[in-house]
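Common to both upcoming complexes is chain A, partnered first by chain B, then by chain C.
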Partner chain A sequence: MFEELLEDVAQNNGLREVNTTVKLAVGLGAIVLCLLSTSYLSPLFIALVLSAAILLLARIDIKTYAELFLVPLWFAFLSAIVIVLISGGEHIFWSWNPLSFLSLSITRESINTGFFIFCRVIGGMSALLFIALTTPMTDLFAVMRKACVPDFVIDLAMIIYRTIFILMDQVRQIYHAQVMRLGYSTWRESITTFASMCGAAFIASWDEGDDLIRAMDARCYDGKFALMGESRPAGFRSVAALCLFIASGSAAVYVSQGMTLL
Partner chain B sequence: MHIMEGFLPWQWCIVWWLIALPCLAFGVWQLKKVMEKDREALPLLGVTGGFIFILSSLKLPSVTGSCSHPTGTGLSAICFGPWITSVVCAIVLLFQSLFLAHGGLSVLGANIVSMGIVGPVIGYAIYRLLKDTSVNIYLTVFLATALADMFTYVTTSLELALAYPAEVGGVASSFILFMGIFAVTQVPLAIVEGIVLALVFKYIVALKPDILIRMKIFSESQINAARGEA
Partner chain C sequence: MSSIILEARDVRYRYPRGREAITGISFHVRRGEKIALVGPNGAGKSTLLQMFNGMIRPDSGVMLFDNEEIRYDTRSLRQVRRRVGFLLQNPDRQIIAPTVYQDVAFGPVNLGYDEAAVKEAVAVALRQVGLEGFERRPPHHLSGGEKKRVAIAGVLAMDPDVLVFDEPTTGLDPSGSEDLMELLDELNHDGKTIIISTHDVELAYPWADRVILLADGRIIREDVPDVAFGNPTYVRMAHLSIPVLLELSVELEKRGFTIPERKPRSVLDMVHIIEHQHSHGHCCHSAPGTITICNVDMIPDGTIPAWVQERPGIAVGAMGTRAKQCAATEQIALEFTYGVIDKCILRALRGKDSLILTTGNMVGRVSERVEAYGKESGNTIRVVNLNTANQPPVTGLTNEEMKKDDPSY
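After this line comes the complex of A and B, so read on.
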C-alpha cells in the first residue's frame, strides 16, 4: 500500500548532498514556469530536463520513476478528456447533446486546451517528483524554520511525520494478522475488520505518541526541536545549474508562446 | 479529490490560496492556545494528522483530474474544531505532495479549501447541531464524518467547474458533470468512511473516555450512556 513512499528513496539519492534550498528552487521554479507557460511545449521541455536530472543525476531507478509517473498521468489523461468534451469551440469535429444543459463536443480548440493541460500536469508532476525524490522531509523542516514558520507548527508537523510511520507500522502488522484470520473474506466482514484495524491502530499510535512526548519532556523538550539546519553550502556548480535551468525554461516559455497542437 | 499539480490555471491557484490563508492564520492562532493550555493534546493532534494522511492516501481512480479516497477529516474536526483541522490538513497535504507526489504545491491552496476548510466546517457544524440533542453519539459522528467527506468533493467539483466552465451552460453544467462523475465513487465511500470512523470513535469511547470528557467533546452523561450501550 505504501511501497511507493518516496521518503526511503529520497534518503539515498544521488543529489542528497546538494543544498536543499537549491533543490527546492529548481522544483518551485519549474512549477511556476509550467503555470506561466501558454503552450504545451514548455512544460514538456521542463519535464524532459527534470526527468533527465532525476534519472541521471539523482540516479533513481527508471522503473520506480516510471511507476510513480504513470498513475497520475493516467488520471491526468482522463481529466483532460473531460475538459476536451466540455470546453467547446468553433471547429467542431464531433458533438452530442444528451441533455438540454449538457453538450459534449470535440473541437480543434478543445483538443488544444485538453492537451495543454495534460502537458502542464506532466511538467508539474515532474517538478513535484524532483523535490520528492531528491529532498527528504527532514531537510525540509530546517527550511520551514528558516522560512519563519512558527515553532509549534513545525513541532506539530514533526509529530505528524513521526506518527505516520508509527501508524503504518501498526497498520501493517494488524492487517497481516487480520488477513491470516480471514478477516477480509466477505465485503461485510471487510468493513468491520477494516474499522477494527483503524480503531486499534489509532489507539495504539496515540499511546505511542503519548510515550514519545513523555520521553521527550523527560529530556527537557520544550516544544522546540533542535535541528542542525543546512550544513551544505550551495556550491558553484549547483547554483550554475539552477540558473541555467531557470534561464532555459524561461526562454522555452517565451519562445513557445501561444503554440498549439493542431 | 486532491487536484493535481498543474491542473488549475495560476489565477485560480492564487484565488484559493487567498481564501485558505486567513483560515490557516486563525487556525494557527487557535492551535497556539491549545498547545499552551494542554500539551497532552499534541499526541492526539499527531495521530489525527497521521490518520488523515493514511486514509486520504488510499486512492481510487476517478475521472475528474483527481481521485477518490476517504478524507478522515471529520474526526479531527469533532475533536479540535474546523480551524485547527485546517492547519493539520495543510501539513498533511504538504506531506502528501512531497512524499507521494499526491496533490501539488500550486494547487495546495485549493486542496486546503476543499479538504481542510469546507469539509471540516460542515462536519463540525453537524456535530454542534446534534451534540446536545438526544441523537446517539455514534450517529452524530457518522453524519459529521460522512458529510465532511461529501462536501469536500462538492467543493472540489466547484473548484474544477469554476476553472473549466462548460461552453454550454457554463459553470453550472460543468459542476453537475464533475459532481456526477465523483458521486459514483464518492457517495458509497463517504458512507463507508462514516461507518469506519464511527467505529473508531467507539474504540476511543471504550478505551479513552476521560480525554473526550476533558476536552468537552461530549458530556459525561452522554459518554456513560454510550458506554452502557457498547
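After this line comes the complex of A and C, so read on.
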C-alpha cells in the first residue's frame, strides 16, 4: 500500500544541488520542443537525452524510472491504437465497416499520426519525469514566489506539504495496526476497516490542525512564512548543458521537419 | 544570587469540564538555573509548563516573567513567547515548515528581522545544535533526534532567555538522550535558564540544580536533587523511584562509609567515595594521567589522527555534535561520547591519558570541571590544550606514566 514516494526519490537525486531554474528550463524547454516538432524523431531524441540524464546524472534507479514510465506509456499506446484505427487516409492497408456510421481503417497516414503522437507522449513524459525526479517540491516554493504566485497560496502549499507527510505517517500506523488485527481479512471487513481508518485519520488531522496553530502561536506567528531563496548559482556547466540541450533539440526539430515513419 | 526570572503565585487551572489540573502552585525560577519538574503522568507538568509562555492562562493566581505580571493581550504574549522558548514533547508537532532552514527561520521572520539577520540567526542556531548542512532537508527525512534538534534550533533562533522543554528525551535512544542533555548543559552554560519536565529520575538527578516534585497538580517538594529525591516518602507520593546512585550512597553510609555533605551525583563522585574509604585519603595511583583538550574548529585537518597515532592506548572522547562529526570525518575511534569529562577524569585517576575533542567555549568548561574536581578531591590532574601547546606536542604532553612505560625515555 505504501511505496516509496516520488518526492523521496527527488530529495536524494544526483542533480539535487543544481540550480532549480536551470532544471525547470530543461524540462519546460523539452516540452515546448516536443510540441513544436513535426516529426517523430525529435521527441524520441529528447526522450533519449533526458532519460540518459535522469539515469546517469540524477542517478535514479532504472527500475524506479521504468515503473514510472510504463504506466502512462500503456495509456499512450492504447490511445495511439485508437487514433490509428479512427483517422482515415489515402493509402488504405485495411478497413472494416461494422456499422453505418463507424468505419475502422489502418492507413499509412493514420499510422504516421499515431506513431508521431505516441513519440510526443514519450518525449513529454520524460520531460515531466525529469522535473519530478530532479526537483523536489521544497525547491519549487521559492520558484513559485519568483513567479508571483500569491503568498497565501505558497504558505498554504507549504503547510499542506508538511502535514501530508505527518498525516501519511499516521495513516500508515493506523493501517498497520489494523492489518495486525486482521482488519482486511474479508472483503466486507476491509470496507468497514478502511472506513474506520478514514475516520481516525480525519480526527487525527483535526487534532493536528489545532496543534499546528498552537505551535505557530508559540513561535510568534505574525502572518509571515520564511522561504528559502535559491542559494545555488546557475553554474557554468549546468547553463552550458542547458544551452547545448536546447540547441541540439531545436536542430533536431528543424532537421527532422516533416519526416514520417512510412 | 541571581534575579528571579519566572514566578508563579498560587496559580490554579481547571480544564473545561474537567478536573482541576493545577491546584494552587507557587514557586520561582532564577536566571541561569537548571530546573527539573518531575512527576508521574497526569501530574500537571505539561499544563504548568504551558503557563510559562502564556499558552494556558491560569484561572486564578498570577504568573510573572522578569518580575512583571504576564498579560494576555497579543502584543505582550508575543513578547513573552519570544523570551520563553517552548519545546513540545513531539517535535513533529512543532516543526511547521517544509525544510529545516524555513522552519528555523519561522520565528525570526515573524519577529520582523530583515533577511540578513534571519540568515544569521538561522546559521547560529543550526550551528549551536550541530545541524549545519541540513538546511534543505525536509523534516520527514530526519531521525527523531535530529527533529528534536531542529525544533530546538527553531526556538534558539529567537534568542530566548528561558528554554522550557516538555519531556525532552521521550522517543530518543539512550545515546540521543545523553547528547540532548549535554546540549542543554551547553545552552545553560551560555546563560540560558532551562526548565524541563520529565519522569526520568536518573536523568534529572545529576542534571538539575533544583528539582520540583509534582503530583496531582500540586508541589510536593522543591529542593536540590539529593534532598528532593532522597526522601522515600516524597518519592513514593510522586510515584517515582530513588535514583540508583542516591540509594547506593545511603546503603554505603549505613555500612560505615563516610558520605560527604554533597551526595554523589555521578559515577565519578561514587568512585571517589569508595576509593577514599579504601586508601584512607590517598589516591591509589601515584601519578594521574593527563587530559588533553582539543578545539576541533581551530586545528588543521589531519593533525588529530596523527597525534592520536603517536600515542597508543590513549582514549578519545568527543563533546558536542560538531566534535563528533569531526571525529567521524577524520576517522578517529571514539571511546567516550557522553559524560566525557567525568570518564576522562576517572581514566586520569588510573594514570591513563585521554584526549577530549570539543568546540568553542566548552574548552573552558573542561578545565573548570577538572579543576573543581581537583579542589574537591585533592588530586591534581593536568589539563593541556592541544591548540595552544606551543612546544611540539610529544614533549609537551608526556607524563610520568608514559616515561615509565616507554623504554625510549
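Heads up, the rule we're going with is that the second predicted complex is superposed on the first by the 253 of 262 C-alpha atoms of A that agree within 3 Å, B and C clash if a C-alpha of one lies under 4 Å from a C-alpha of the other, contacts with A are read in each partner's own complex, and residues count from 1 in each chain.
We adopt the following convention: contacts are C-beta pairs under 8 Å (C-beta built on N, C-alpha and C of every residue); 3 or more make two chains touch, one makes a residue touch a chain.
These numbers were taken from a predicted model, which means no experiment stands behind them.
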Kindly classify A:Leu244 by the partners it touches after superposition: chain B alone (first), chain C alone (second), both, or neither? neither
In the overlaid three-chain picture, which partner chain does A:Val171 touch, first (chain B) or second (chain C), both, or neither? first
Check the residue A:Ala127 against both partner chains and state whether it touches chain B (first), chain C (second), both, or neither. first
Tell me the contact category for A:Ile92 with respect to chain B and chain C: first, second, both or neither. neither
Looking only at contacts as defined up top, I'd like to know whether chain B or chain C touches more of chain A. B
Of the partners chain B and chain C, which touch A:Tyr161 in the superposed model: first, second, both, neither? both
Examine A:Phe141 and indicate which partner it touches, taking first as chain B and second as chain C; both and neither are also allowed. second
Can A:Leu212 be said to touch chain B (first), chain C (second), both, or neither? both
Mind working out whether A:Phe152 is in touch with chain B, chain C, both or neither, as first, second, both or neither? first
Return the residues of chain A at which the contacts from chain B and from chain C coincide. 7, 137, 159, 161-162, 166, 212, 217, 223
Tell me, which parts of chain A touch chain C in their complex? 7-8, 11, 16, 136-139, 141, 158-159, 161-162, 165-166, 169, 208, 211-212, 214-228
For a test of understanding, state which residues of chain A touch chain B in their complex under the given definition. 1-2, 4-7, 27-28, 31-32, 34-36, 43, 68, 72, 74-76, 78-79, 81-83, 86-89, 97, 101-103, 105, 117, 120-125, 127-129, 131-132, 135, 137, 140, 150, 152-153, 155-157, 159-164, 166-168, 171, 191-192, 194-196, 198-200, 202-203, 205-206, 209-210, 212-213, 217, 223
In their shared complex, at which residues does chain B touch chain A? 4-7, 9-10, 13, 28, 31-32, 35, 39-40, 42-47, 49-51, 53-55, 57-58, 61-67, 87-88, 91-92, 94-95, 97-102, 104-106, 164, 166-169, 172-174, 176-178, 181, 192, 195-197, 199-200, 202-204, 207-208
Quick check: in the complex, which residue numbers of chain C touch chain A? 53, 55, 78, 81-82, 86, 88, 92-99, 101-103, 105-112, 118, 135-141, 154-155, 158
